[in-house]
Each structure stands twice: as structure tokens, then as C-alpha cells.
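The following pair of complexes shares a single chain, chain A, combined with chain B in the former and chain C in the latter.
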Partner chain A sequence: MPSGNDEQQRILRARAAALARVPEESGAEGDRIEIVEFSLASERYAIESAYIGAVHPLKELTPLPCTPSFVLGVINLRGQILSIIDLREFFDLPERGVSGLSKVIVLRSDSMEFGLLADAVIEARWIPRSTLRPALPTLTDVREEYLLGVTQERLVVLDGGRILSDRGFVVHEEV
Partner chain B sequence: MLSNMKIGSRLLLGFGMVALLLVCVGALAIQKIVAVQERQQTFYEHPFTVSRTIEVVHTCISEINRNTKDALLAENARDREIALAQAEENNRKAHENLVLVRERFLGDKQIIDEIAKDLDTWEKRRERTGKLLRDNEKVKAVVWHREQSKGIIAKIENEINDISQFAMKKAAALNQESFEIKDQTVRFTYALLTVAVLLAIVIALYITRSITKPLATAVEVANKLAVGDISSEISETSQDETGQLLRSMERMLQQFRNMSELARQIAVGNLSVAIVPQSEKDVMGNALSAMANNLREMTREIIEGINVLTSSSSEIMASTNQVATGASETAAAVSETSSTMTEVRQTAQVSSQKARNVSDAAQNTVQVAQAGRRAVDESIAGMGRIQGQVAAIADSIVRLSEQSQTIGEIIATVNDLAEQSNLLAVNAAIEAARAGEQGKGFAVVAQEVKSLAEQSKEATSQVRTILNDIQKATNAAVLATEQGNRAVEEGVRQSQEAGEAIRQMGESIDESAQSALMISASSQQQLVGIDQVSLAMENIRQASEQNVTGMRQVELTVQGLHDLGQKLKGLVERYKI
Partner chain C sequence: MVDKDAAFLQRLLATFRVEAEEHLQNISTGLDGLKRAASAAELADIVEVVFREAHSLKGAARSVNLADIESLCQAMEGVFAAMKRHELEFGAELFELLQQASDYLGRFLPTAEGRLGAGDKALLDELVVQLEGVTRHESFGLGVPNTKTAPGSDSRPAAADPREVPAHRTPLGDELPPASEPQASLPVMAETVRVSTARLHSLLLQSEELLFAKSAAAERVAHLQEVVSSFQAWEKEWARILPAVRQIRTASHETPSGEREVSPSKVSGAMLDVSGFLAWNREFIKTLGNRHVTEIKAAAHDSRTVDGMVNSLLADMKKVLMFPFSTLLEILPKIVRELSRDNGKEADLAVSGEGIEIDRRILEELKDPLVHLIRNCIDHGIEKPEQRIVKAKPRRGLISVDVIPGDNRVEVVITDDGAGIALERVRAAVLKLGTHSREKVAELSDRELLPFVFQSGVTTSPIITEISGRGLGLAIVREKVEKLGGTISLESRSDAGVRFRMVLPLTLATFHGVLVRVGEDVFVIPTMHVERTVRLKRTGIKTVENRETVQLKGEAVSLARLADVLRLSPSQPVAAPSELIQVVLLNAAGTRIAFLVDEVLNEQEVLLKKLGRQLSRVRNVAGATITGNGRVIPVLSVPDLLKSAVKFSAASSPAAGASEKVQAIVERRSVLVAEDSITTRTLLQNILGTAGYDVVTAVDGLDAFSKLKSREFDIVVSDVEMPRMNGFELTTRIRADKHFADLPVVLVTALESREDRERGIDAGASAYIVKKDFDQSNLLDMIKRLV
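Up next, the complex of A and B:
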């Protein structure tokens, strides 16, 4: 079975190359931040993990009536009621609805806690802060407002602190 | 004169004469019998009565005498008176009878008056006797009686006797007279009867003769006529019925002679005679007339027929010549046909051989067709098995597809697990970062978990790819099996059609084989038939030769027929129509 052997050889070689890769944290430790990368409407975003409590699969979403359209609803997370915000409303992204594979990224601060809707959570990784660049001029105002920076791989890193502190997310409406 | 009378009149005359004579005899006999009866009447009325009555008178006188004597001898008055009364009574009776005697007596009646006077006298004397007796003078009375009575009694008896004798004589005379009358009558009757018998015989003979003689003549003529002799001549003719008969026979003979003459004329061929029937009922005349007419007509037709015959026989002769020529040509043609038939026979033999070969080949073909049929049947059975196996394959593929589906679900689960592992890794990394320096090792674990999750995801991705390939292949296999199934069904249908076609072909071949067999048999029969035809042609050839010979004879015969027609023409010309 020479083809099978070739395949095995190729896989083994790829794994060897991955193990042989030099870790990137060789730079200064103070300059690194950990981000959690996620995808939303075919675009990839990331948030600094310091503002993230946890990530969870989106289950049993209960829509809330009489709320703004960016509030998708609430979920029960281990006995705690958590509101879910859809950032696509702000970023003018095309809506794809909510699937069973959707995830919730729980943003947490001392004064605020809510969940962000994500299509998929890709990974948590460390990046040097120096690789972050200022926002691109093509970005709209809102994203620019929440933007922390853009990595070399054009990954948009959002600023969790600003999102959490944005009073626009506080819903105080009466019907 | 007598011979001219009718037979009836003649018979009436003869019998009339005899009857007249018999009437005369009867009348005479009756007259004489009446005369005899008169004599007898006279005898009875006169002599017989007188004789009988005078005898009574005589008896009375005897009684008177006895009574008188009784009176004389009576002892008492009473007896005496009775006797006297009886005497008176007898006296009276004697007188009465005397009256009768006087009336009937044919002789001298004085004597009877004498007797009456004597009786009166005797009475007076008896009165005296009676007176004496009453006076009781009996003796005187007896004496008186004796003296006076005896004489007168004797006188009376004598007178009576005379009368009796006269009566007897008269009776004898009457008897004699009767006898004479009888004799006379008998004689006359005998004579007249004899005359009548003789006359009857004579008349009978004469009448018989007058009838039988002409009848004999008629019988003789009729007998001759019965044997066809019509030469008889009848000359004697009387005016009576026999004469009429003979005259009729003469007319009949004349008629026969006329008819015979006519028939003789017809016999010698003179058909132009005119035959006039005597009457409507003249059967023979009518028949002769019809016969002559028919003969005329027939002879005319015969003449026409003979004319036709002679002309026809001429034409027949000409035709016969042509026919004879034709028969010769026919004979030649038949000879050619015979030789042609021989060639045809050879051809038919070859054809029969070929037909037999074809028949054998057809039998082989039948066997081959049967083998083909069996092969097709087996092919159909094989197709059926293939169909079953294809169905089994389809089932297996469907199961495979279902199992692929299950695998897909399992992969989804695994993928889900990988996703959750990834989330766990992210959470772990977050927790590790939050733990700071203590969480560094945990961060490595989280990194490993993430790596595993990625590998799992990659593996599931590969499995999903493979599974997709499998599902595609499975779908393709399902489609292929479907198509295979349809192809097999088509194959089965086509095999069945092929089988049907081969079966029909086998039947056709069977029929062909049978036809070939029949053709073989037919060509065999044809061969035999052609042999027979050849034989028949030979016979025809001989027959046509005989035909030619026969036609020669027919020519001769027709010549004879022609001659016969000429002869008949000569014969018929003798008849005058």
C-alpha cells in the first residue's frame, strides 16, 4: 500500500513541522495579551480574554419582547439569567439568524455582564500588543468606537472594556 | 197382312183369340152349371119336399089311428080325453102338411084335395066315436070305429102312396135331366179346349217363326260383321221391329262399307279424301277424320323433317369431314403431349426428391428451434435470478446508505464534542490567563485540549468528506442498481419476447416442417398422378386414334344416313296430301 504509506508519511511530516514550530511568546511577556478569536457573519473578530468570563454554546434562547432589536433574548446559564447581544446590528453585518452551533461569549466586568452572540469560537491565543495596529479607515463609526486594534492577519480585536462600559447596551424602556 | 203387324200386336192378337175361346168355354160351363143347379133346386123344392111332407102326413094319420085306439081303450075319461085331444092335434098337423104338399106338388092336385076331404070325413067319424065313448057306449064306439075308420084309412094311405110314387118319378126325371146336361157340357168343353190348344200352338209357332227368322239373319250378319265381313246383303224387309233392325243393320253395313272404302283410300296413301262423320257421336267417323287429318299433318311434318334430315345429313357429312381432320390433328397433338408428360414426370421426380430433403431439413430445424426455446427459457430463468440478486444489492445499498446516515449523525456528535472541547479549551485558556502564573501549566493543558479538539474536528471533517464520498457513491450505486433493475426487467421482458418469438418461430417452423412433409407427400402423389396422367395420355392417344378410325366409320354412316334421307323423301312423295 504505497499510497497509504505516502499519506501516513505526509501526516507524520505535518505533525513534526507543527511540533518543531518555535513558540511566539519568545518576546517580552508584558507586551502580550490573550485574545479569544471568534467568527461573526463570515468575519473574524477577537476580544481580549481579560473581559471574558467564559464561552458557552447558545442553548435555550428565550426572546424578550419589547426590547431593541440588538437584544436577542436571555438564556439560563447555571441558574444565572444572561442577556444576549447581537453585534451584527451595530456592525451592519448581514444577519444569519441563530443556529444550534452559535456560541455565547460571556463578557464580564464588575458592573456589567452580558453575552455576545458568535457564530463560532475559534481559539484563545496570545498575541504581542505591538502587532496591533490602529483601526482601518474603512471601518464604520461604531466598530471604530469598540476597536482595540487590527492584527497583522487583519483580525479585528474589539475592546471588551468599552463594550461593557457602553451605556447603549443598557435597556431601559417601558412599554 | 199379318206379317206386317208389329210383334206386339201380333202377340196380342194370338193371345186374344185363345183367351176368347177360353172365355166361351167358361161361359158355357157356367151356363150349364146354372142349369144343373136349377134342376137341383126343383128337385129339392118339389119332389123331395113333397115326399118328405107326405111321409109326415102319413105318420100323422098313423098317430091319429093309434090315438083313436088309445081313446077306445082308455080306462078313464081323462085318458080318453087326452088321446082324443092328441088325435085332434095330429089331425091338425096333417092338414097343415097337406097344405104344403098341395103347394109343392107338381102333379094333379085333386088327389090332395081328396086326401083332405077324406081326412075331414074321418074326423066326423071320429067325433061320433068320441061321442059314443063319452056316452059310455064303448062297445058301440069300437064297432063304429071298426066299421067306419078302416076303410077311410086305407083309402088315405093309398092316395099317399100315389103321391109318393109320383114324387119319386119326378125326382128320377130331374136326375136324368141333370145328367144329360152334364154330359153335354163336358163334351162341349172338351171340344172347345182342344180347339183353343190347337189354335194357341199354331199362333205361337207362327209368331216365333216370324221373330226368329229375321233375328237369325241379323245374328248371321252381325257374326260376319264381327269377323270383319261386310259383304252381307239384306233383301227381306218387313214393317215390324225385326224389319227395322235389319234395315238398321243394312245402314250400318253401308256405313262400314263407306268407312272401309275411306280407310282403304288412306291406306293406299290418298290422304286427300274428305271424311264426313255421320253425327256428333260417330266415334269411328270422327276418329277416321282425325286420323286422316293427323296423318296429313304428320306426313307434312315428316316431309319437312325429311327435307331437314337430308339437308342436315349433308351438313353433317361436311362437318364429319372437318371432325375427322380435327381428330387427326388431335392425335398428333396428343402424341406431343405424351412426350411432354414424360419430361414433366422427370421434373416432378426431381421436385419430389427436393421436397423430401426440405422436409428432413425442416425436421432438423424443428429440433434446433426446440433447443433455442429451452435456451431462452433458461435465459429467462437466469434473468429472474439476476433480478433477485440486483434487488438484494439494492437492499444492501439502501442499508449501507442508512448506516452512512448513522455514521454522519455520529460524526455530527463527534464534531459537536470537538466544538465543546474547543470551547472547553478556550474557557480553560481564559481561566488559566486569569490564574496568572499558576495557570501557566493549565494553559498548556488547555492548548493540548484545543489541539485535540482541532484534530478531532479535522478528523471528523475528513470522515465527513469520506462519508460524503461514500454517500455519493451509494447514491450512484442506488441509481445504478435502479437502472440495473430496470435493465434486468427490460432484459426479462426482452427474453420473454425473444422466447415468444422463438416459440412462434418454432410453431412456424413446425408448420413449415408439416408443410414440407405435406409438400413431400403431395409431390409424391403428384409423381404418382403424373404417372397416371402419362398413362391416361397414352390412353387418350389410343382413343384419338380410335377416334380417327371411328370418324371414318361415322363418315360412312353419315353417307348412309344421307342415302336414307333421299329414300325417305321418295317414300313420302307417294302420299297425296
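Up next, the complex of A and C:
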């Protein structure tokens, strides 16, 4: 069987090499961005994965009193507290409460961190940046504000950096 | 008895050695610094440091009866004092002498037990004589060789003559002949290690996280215990079915003996198999159950072990971070001295309880508030000597700082015997604030009025600015103290003085909390602020002047419903409200309010966690904690709750159901919203739109200003920070235009900034909402008041 083993090794090596090869597409490497597509109130959105720290299933959500309505509450994320924001409030989407299948997309930058509620996370994929086009006229102005672009299949890609740096999300209230 | 004393002395000496090492290190560093000091100012700073260190070391030595060490320190202190007075200059020789003294101490201290070998004693006396000589003759160190300096120099080892040694640092041991005891055997001073506080804090935090492991383990055991009852249910079921199983078994054994059925052996064989399996199955599960019980025992044991380990680790960890108040209080005498001198006043400082220990992190945070309060006492409390004499008070004022230990907390009381706070000026300032009507302000009793001194808005008034010194205000003091989980209150008596009382937790992160339930929500209330939890008859609620009160120990206390104060959505009313109500009496900064809750669950140790960056500050919520099963429970802020309760009762009593009225009144009023953040803009638009206002939005100040000219508006609500033209500029532009002179302008901003508030008022804003208060009623009330 030694020859058979060698043969297997050869095939496996060839397959590994094929898998390791980065698929070539038109356009330069730097022009591609990775996006994570998710659904929210039966609409589909995506966010550049560079701003996504993690995705978790939404388990126990503790509502916090005296917070604006866009703050759904807080969760325990590996021993740390993470606040959860509901974008539906800003996107004029129907609110259906928190369904059992919800996901939390953790947005993260050096100075800010919070979770976005999503109904489901669909997939992560690479797209050429050049395929992103400016806003559609049908978008409300809030979505336009946070828009990175719209893909060829008309998927709205949100600008994670802008969402994270918007001071409007920061809650700082005194009695 | 003697043994006890000896043991005590031993402990004291051990403490002394650690402390001495610290001082000595600083002196040694200081001496090096003196040699390198480039400017006179730098030199003076270092001299000040080494002087203080020598002084402290002297005091420490005295307290453990090390008279010889004390005399050497005294001699060193004398030299530094002379340098402070510029009577002595620092030169190479002086450096050598001081270095020798410091090295001597370094060698002696590790073994310090009050006994000196004859040789050591001689050397010490020699050093003292030399140092004192230096101080007396004043010329030493000026670079002129001075033979008079060391009268006993002949008795001293020749090589140690400072004048012959080059001005570089040489370890003393190289220069001196061996002392009477062999030096090699002396222990090296390494009983303490310097660790960065950041590292220590991270260590503490990680240890505190173990609390979670501790409660998780306990919870796991409880869950396992529940499984036992499932096994019991199974056992019962088996017992019930057992006769039937037996029957089948016997039947299938009997059948083979002549039945007419076709292949009866097959059926009975299968039956036999099944009944055999059932028997095996029963045994198997029984064994499993027994094994489970054993595992529970093991788990419970583990849980107890973890519990014990975590507790002792945390206790030790906390001890590491506990520091005596003296480390904070020792800076005060100098401050009092300097401030009274600068203000042309005379004041003494009395300190007590400085040995009490508290979390170092609290001490650090406490420095600014404490200094601020002391500054306040001197600036505004203590009168000038001539005034005091007129008032028949002693010429010198007295400020006392007393640290009083309590149960799991500590009280810091700062008292002065000055003029007290001019209450009528506070009243005027409160009126100026505009949050209370003239009648209401006039009604406020002196006791009710005093807390306003802490209110941030009050600082902007010139009167209060005077009280608070640098215009920073006591608001910051309160903010800091509350951030630490403490409270501050004050008493003032005219011409008798002011007393500030700070109540602080002993440790920062972990504390005891009472878990309460309201509807389906559970909250933690820090035990420190819980005076009592009581069950009362529902009929005990009496309404006095439109406010609900309850009788507690014969005293009427205001009652607030926690659900209302937190604005929780009303839960479904239970079938019949019970006869008894559960009340938690909260106390902070002298205010007491009873809060109605549905249930008091238990009390436990909790670890406070921040709510994350997005929730920078939430009203009434100080943070959250995570329970053993991973559940997040909000921790309430008692100072906030008390304020909210007062506000709530004020808002609800005269005009209940105000929100409906708002809608009717404002039907056609129009609001111009200037806000660059789309989020905030949308929210404001929603809130105002829902309330019936006609809303027009602008993306920045410039946009707003041009829109203002296009049509009439009743009010402008503007953000502060905006591109092109910010809120201040917009307000100034509006005020500068005579058409808009009376147009109300409300400035709204996300983060609080005192300067912003003051700038806003300067620019002519009508109101300033320091928070992004999307709580509709607040913003709407404000607008309603202005239009």
C-alpha cells in the first residue's frame, strides 16, 4: 500500500493548494471589502465586517429603565456588559419585539462598542468596493446617513464607522 | 502579657521597616536628584521632598522607640531644613555625608530592633555629630574645606572623610572598614516589591471576576439537586409498573409448556428479552442515579472549596489595595498653611482617624473632592482674623477632618468653624436657576435649601460661584463622591461653621446589595443606602399634602413607587393587591424616602460593572451586575433615585396627566430643530411631532438661521456642536437680530460640560438640556414652559 498512500498524499496536497489559492477576480485586491449580510424586519442589510467584533445569538436580554427607546437593554457578553441598540427605531421599520431567533451583531471601534439587534445573520462575503453605488432615492434619510453604498443586487450596506462614531447613540443623562 | 507586647512590637517593627524602606528610597533618590538638579527651583523642590521624607522617617522611628535612628534622622532633617532656608549650599562633600547617613540607615534598618552594636553606635554618633556640625557652621558645603566641620573626625575611619572622596556615588560599604558585625550576613532589604498600580488593579479585577465562578458553582449544585427529584419521579413510576413487569416475566416463562399458538416460543422469547432488558434498564438507571448523587456531593464539595478560596483570595486582594487615610490626609497641612497664608487668614488643621484603611482607588478619587472642600472652608468659611475677633471667636480658625469607620463604610467629616453658608444668597441663586417658582423657593426650608449648593446649575450664578471658589462648584465634588458609590451632605449654622459629611464604601467594585423585584424586573440596591426593609399594612399609606407617606418608627416618611420613579411600564395588576406592602427605606445624603417594591428577594455580594461605552450615564442606574447563572441585573443609583422621586412627586402632584394637556395646547406651535446628528434629529422630530408640534429640521446652525428667516417659529431647539455654525454661534446670531430677540432657544447636547452650559447662558440661550433627554415629558415640559 505504500504507493497508494503516496497517491493519496499527492491528491490531498493538490487539493490543499487549490483551496489555498485566492480566487482571482477583476479589480485589485484592495478594492474588495468583506460584508456581513443580515435581516432586520424582513429587510436585508449588510455591514462591513471590519467593524464587526462578533455575532452572538441573543439569549438573556435585560431591559434597562430610564433609557431611550432605541436602547433595548443589556446582555452579558463573556462577563462584560454590552448594550443592545435597535436600528428599527431609526429605519422606520415595524417593531415586532425581540424574537427568539434574534442575533446580536457586536459593532466595535477603539472608542465605542455596542450590539445591534438583527433577526438573522445571513452570510459574510467579499464584494468589490467598486460595485457599491450611491443611495437609492427610496431610502429614508436616516438610512442614507449611515449608507456606505448599495450593491448590485440592491443590498443596502451600512457604514459601521459612521454608526459607531455618531454621538447621537451615546446616552448620558442625569436626573 | 509580656509576650503579647513583644509580639506587638515585632509587628510594629515589621511595619516600620517597610515604611522606612520607602522613605529611605525616596531620600536616596532625592540625594541623587540634588546632585543633578539644574535650576534653583528644581533644587528647592527636591530639598522639600527629602526634608519631608527625613521628617517622616524620624517620626516613624520615634514611634517604635528607635532613639538612635531618630537622632540621625533629626540631624539629616536639620541639614535639609538649613538648605531650605538657603543657609546651606549643596556640595559634593555634603552629598557624601548625607549619602553615608542614608546608607547607614539602609544597612541598619533591616535588622532594626532597637539594639545597636558598639561599632554601629559609634558610627551613628559620628554621623550625627558631623551633620549637626554642618548645620551649625553653615559654611560646610560651600566648597571651602572646613576643618571645624567634624570635631570628631579623628575617631572616624579615614577613608570616609567626605572631603577626600570624589563626588560620585560609592557604596558606603566600600569605604568603611567592616563594622563590628560582619556586613555580609545582614539581610538585604527586599521585603517589599514595587508593582505598578495598574497591574495590581487588573489583578484585583480578575480576582473579583471569580465571584462569578463562585456563585456559578453554587448555582450548578442547585441545578444538579433538581435532577435528583427527576430520578425520584422515575423511581416512583417504576414502582408502579413493577407488578405488571413481573407478571409478563412469569407469563413468558410459563408459555413454552404446551400452548396452541403458532410459534409461541418466538413470542415468549421476545417477551423474555424485553423483560430482561427492563430489569437491566432499571438497574442501569438506578446506578446512574446513585452516581449522580455522588457527583452532586463532589460538586458541592468543589463549590465549597471554590467559595472558600475565592473569599480568602478576595479578602487578601482587598487588603493589598487598602491604604490608610493618612496617605491622603498628609497633603492637607501644607494646603491649609498655604491657602490661609494666601487668603490672609489663620487656620489650624485637626485630623483624626487617619489610620483607617480604605480601597486605594477610592483614596485616589477622593483627593480632589477633599482638597476642594478644604479650599472651600478656607476661602469662604473661615473669616479673617479681625472679623473673628469681632465675632468673639478665637483668632485662628479650625478645620477638622475626621475619618469615622462604620459597618462596611467609612465617613469623612470636614468641619470648619467659619461663617457658615449665607442661605439667602443660595435662595436667590436657586430662584435664578428658574427650575422652581418664586413661591416654591420662598417655601423651601433652610434644610431643603442647603442641598442646592451641590446643584450644578447653581454654580453659574455669581453668588454661588463665590461660595464654591474657583467656579467649579460643589457639583463636581458630589459627582465624584457619588461615582464612588458614596454620598455627601452638609450642615451649616450661621457663624458656627459648615460640616460636610461624606459617606463612602470601603471598597470600590464589590459591595453588598439588596435584590428587589418590581413586576418582572429585578434590581440591586446597594445595601449601604438601605436603612431598613419593612412590610407594612397597605392601609398605612396616608396622603399628606398630595404626597403619599408611611409611618416608620413613628416618623412620617415620603413614599415613592419604584415602578413609577423608574417609569417602568405598568405590569398587569395582580388579581387582588395584598394587604401588606413591601417598602425599602433608602437614605443618601440626609434624604430618606421609602420605596414601594413588590418583593425583597435577598442580599448578596455583587460586583459592579459599567454599562459599556454607549451607556455613558443612565438616570437612576449606576451599572449592572452578573449573577451566578449569567443573568444581568441593573444596579440602581440611590442618590439618583432620591432625586428622581422628589422630581416625580413634584411633577405628578399639581398637574397629573400633563402630557395629554400638552398635546391640546401646542397644536399649532412650530419648532425649528437644528441638529447635525441624523439620529438625534429623527428622534427629536418624532418626539415633537408626536406631541403635536409642527417640526422643521435643519442640519446645522447656518441652515437653521436661514430657515428662521423663511417663516415664523415659536422656539428653536439646537444642538451645541455642529459643523459650519455651532449652537452658541446660532444663539448669538439669533439674539443679535432684533426680530428674534424674544425667540426661546433651547440648547441640547449629548455630553455634559460645565463650560458649555455657561457659554450657552452667556450666548443668551433660554434653557440648556445637558443631557440627551429623550424622555419626552422632560423636553416637552421645558418647551411648553418656554412657548
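Just so it is clear, the second predicted complex is superposed on the first by the 147 of 175 C-alpha atoms of A that agree within 3 Å, B and C clash if a C-alpha of one lies under 4 Å from a C-alpha of the other, contacts with A are read in each partner's own complex, and residues count from 1 in each chain.
FYI, contacts are C-beta pairs under 8 Å (C-beta built on N, C-alpha and C of every residue); 3 or more make two chains touch, one makes a residue touch a chain.
Since the model is a prediction, treat every value here as computed from it, not as a measurement.
**Q** Which partner does A:A41 contact after superposing on A: first (chain B), second (chain C), both, neither?
**A** After superposition on chain A, A:A41 lies in contact with neither partner.
**Q** Taking the superposition on A as described, I'd like to know which of chain B and chain C A:T62 touches: first, second, both or neither.
**A** In the superposition, A:T62 contacts chain C only.
**Q** Which holds for A:L93: it touches chain B only (first), chain C only (second), both, or neither?
**A** After superposition on chain A, A:L93 lies in contact with neither partner.
**Q** Which one hits more chain A residues, chain B or chain C?
**A** Answer, by number of touched residues of chain A: C.
**Q** For A:G168, is the partner it touches chain B (first), chain C (second), both, or none of the two (neither)?
**A** In the superposed model, A:G168 contacts chain C only, not chain B.
**Q** Residue overlap on chain A between the chain B contact set and the chain C contact set?
**A** Common interface on chain A, chain B vs chain C: nothing in common.
**Q** Show which residues of chain C lie in contact with chain A when the two form their complex.
**A** 209, 212, 521, 566-568, 609-621, 623-624, 626, 630-634, 640, 643-644, 647, 677-680, 682-683, 721, 750-752, 770-775
**Q** Can you name the residues of chain A that touch chain C in the complex?
**A** Per the touch definition, chain A meets chain C at residues 60, 62-71, 74-76, 79-83, 85, 90, 111-114, 141-142, 145-146, 166-175.
**Q** Can you list the chain A residues touching chain B in their complex?
**A** Chain A residues touching chain B: 34, 36, 49-50, 52-57, 101, 103, 120-125.
**Q** Touching residues of chain B toward chain A in the complex: what are they?
**A** Touch residues, chain B against chain A: 419-420, 422-423, 425-427, 429-430, 433-434, 446, 450.
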